[in-house]
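Please go over the structures that come below.
Next come two complexes built around chain A: one with chain B, the other with chain C.
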Partner chain A sequence: MRSSISAALAALLMLLAPPTGAQAAEGTRIQVTGEIIDTWCYYSGVMGSPDAVVGSAHHTCALWCSAGGIPVGLLAEDGTVYMVLKVGDDTESASGDTMLSLAAHTVEADGMLYQRDGLNYLVVANVVSDMDITNQNHNDYGNVPPFSIPDPNK
Partner chain B sequence: MKHLIACLALIASPLAAQDFSEGSKAKSWNLYAEVPAKFEAEVVDVLCTLTGDCPEDCGAGKRQMGLVRSADDVLILPMKNSQPAFTGAAVELAPFCGQTVTVDGLLIDDPDLGAKNVYLLQTIQAADADPIKANKWTKNWAKEHPEAKGKGPWFRRDPRIKEIIAREGYLGLGLEEDQTYIDENF
Partner chain C sequence: MRALIAALCLAALPAAGQSPFPVNIGGPFTLVDQFGRTRTEADPEGRAQLVFFGYANCLNICSTALPLMAEVVNVLAEDGITVTPVMITVAPDQDRVETMGAPLAEIHPDFIGLTGDDVALQEAYDAFAVEVTPLFQDPEYGWIYAHGSFVHLLDASGEMLTLLPPILDVDQAADIARGYLEPQS
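On to the complex of A and B.
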């Protein structure tokens, strides 16, 4: 009885142990297609619903947030968000030129996926194809936020 | 058996959802899924932590920074600094690369969107120092862009943003599409 309790405890301790660095650094190669989004507006809801803070409606704000150093994500067709940490040789994931140039574009990416503490992190080795902006949602949502296009009458 | 249950409860307790709101002075942004959170953490370069690609300065504010929470080893991704100006947190945290600090701010926890362990950073407190506000981004930008000095917020004056909008339009679909939209909506 005592030995089975000890074994159960040991097994439980192994299960509960936090992941080690080696475990956390284990990546998986993936190919994924999705839109390069502004993750803060998407996650926080500060500018509106998730459908409104993507695509052409949100292109200007996505530029602002990317240039401002907010993490850029890839929103896959199944709704999964991947935090992009690197594209090709460009490690500048905070306000970098490569990520800025891809704001609101739909891309097919080939890279390494790292998962930790509920978030997906993507190191993009290669943008296989850049389809430009495919989500033309401005007729549904307008420009989000409304001040993203200066009023020409003012 | 009682001892076993007590042991299991003791072991499992740190894994239960922890409340980091105690002592937090974070200001609300009235966000749907915000939760105040003050905690001690090591400031890390996320790319370094995950892949082993580690510059000494954590990328000097050009890489996304992370906070590895002391209490549970969870990697928190700070997405936002405290300025309501489309500005991230990497520039604020980079000077503390490798240090253990106490941060205060808002966790965003929205399971429907997959938002977990993401953070709006409001203050940073290094050991034996007073907390400082995480609001240096715009000042840093102004220093890096003296040519863009002028009226209005930084994002209206940023040379890279202006260049892309001049080429692709506000909607990103070309200047003609922009004009049609503006004519119909303004």
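On to the complex of A and C.
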């Protein structure tokens, strides 16, 4: 439990504190690799620990959340979370076809980083590489949360 | 734990300098509130505004964003900063002048709900880059919609100040808003 809280706190700090500790005066072009995540479940903790609400375990819920309008994020390999404002021609921060098709996928993104109010916003110009769902954590956690896949018998 | 996070968040807020908005957000609109009054992007009371696109009986992100807005309004009021929470409907078939007031009043008594005809609403959606997609029809609640979910902080004239992601907690969101607003005298 303590490790889960610590991980969530660390992730929150990574979201809020710019990696450089400074506020960019304007957008900066970056290339970053990470997983497209469901930011609500990742930060709220309502569906499980940060390790459980990513990857294959959380793919179905991430689709529901993205479709429902939850902003998607990019969880970089160093733990930084970027709020994704758009991907390519997708005009939405969530729920566009591009966002849905990338849910829980690990991608290499090329885009512009904007730091505002202590938050990292990313406008992805190009998904350089889509590595599909590389975090196969359903073996550890199952489907998180279980009810995200409706029971056909109910 | 929340106090620790709030303190850390406060420390992480920028001192100066902001990235420009990477997308062009904000603009004029003319809609109708739950009292039948015409309302534009400017607040008639001269207050700053928190604006969200959603619908009153939405069970998805709105059930998080609308209470968040209400709590931020209350927290800022303690500092003498008066802000009007505004919801622009993405479901005008469900949110009508005569129906949307009651559910919004349950969230906050100052909540303003806005609706209008298709052209007027589309003008507002376009101004704020909000897309609305009907997903499916719930037998109990009617149509369920996908829609943008950022909360927009506007000044009294309707000029866009910044975005508030709905995943922030109340203290984080209020801290960001304080960076743009002054207490009213």
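We adopt the following convention: the second predicted complex is superposed on the first by the 123 of 154 C-alpha atoms of A that agree within 3 Å, B and C clash if a C-alpha of one lies under 4 Å from a C-alpha of the other, contacts with A are read in each partner's own complex, and residues count from 1 in each chain.
Basically, contacts are C-beta pairs under 8 Å (C-beta built on N, C-alpha and C of every residue); 3 or more make two chains touch, one makes a residue touch a chain.
From a predicted model like this one, the values you see are computed outputs, not experimental measurements.
By the document's definition of touching, both partners, chain B and chain C, reach A:W40. Of the two partner chains, chain B is the only one touched by A:Q136; chain C is not.
Put chain B and chain C next to each other and count what each touches on chain A; the higher total goes to B. Of the two partner chains placed around the shared chain by superposition, chain B is the only one that A:S56 touches, whereas chain C remains out of contact. By the document's definition of touching, neither partner reaches A:G48: not chain B, not chain C. Within the superposed three-chain model, A:G27 lies in touch with chain B and with chain C [touch as defined at top]. In the superposition on chain A, the residues of chain A touched by chain B in one structure and by chain C in the other are 5, 9, 12-13, 16, 24-25, 27, 39-40, 43-44, 67-71, 83, 85-86, 91-96, 112, 114, 116-119, 121, 123. Chain contact summary for the complex, chain B toward chain A: residues 4, 7-8, 11-12, 15, 29, 31-34, 46-47, 49-53, 59, 61-65, 72-77, 79-80, 85-91, 108, 110, 113-118, 120, 137, 155-156, 158, 160-161, 164-165, 168, 170-173, 178, 181-182, 185-186. Put simply, chain C touches chain A in their complex at residues 1, 4-5, 8-9, 12-23, 54, 60-61, 64, 129, 131, 133, 135, 146-150, 162-163, 165-167, 172, 176, 179. If you check the complex, the residues on chain A that touch chain B are 5, 8-9, 12-13, 16, 18-19, 21, 24-25, 27, 39-40, 42-46, 50, 56-57, 59-61, 63-65, 67-71, 79-81, 83, 85-86, 91-97, 100-101, 103-104, 112, 114, 116-119, 121, 123, 132-133, 136, 138, 142-143, 148-153. Within the complex formed with chain C, the residues of chain A that make contact are 5, 9, 12-13, 16-17, 23-27, 39-40, 43-44, 67-71, 83, 85-86, 91-96, 112, 114-119, 121, 123.
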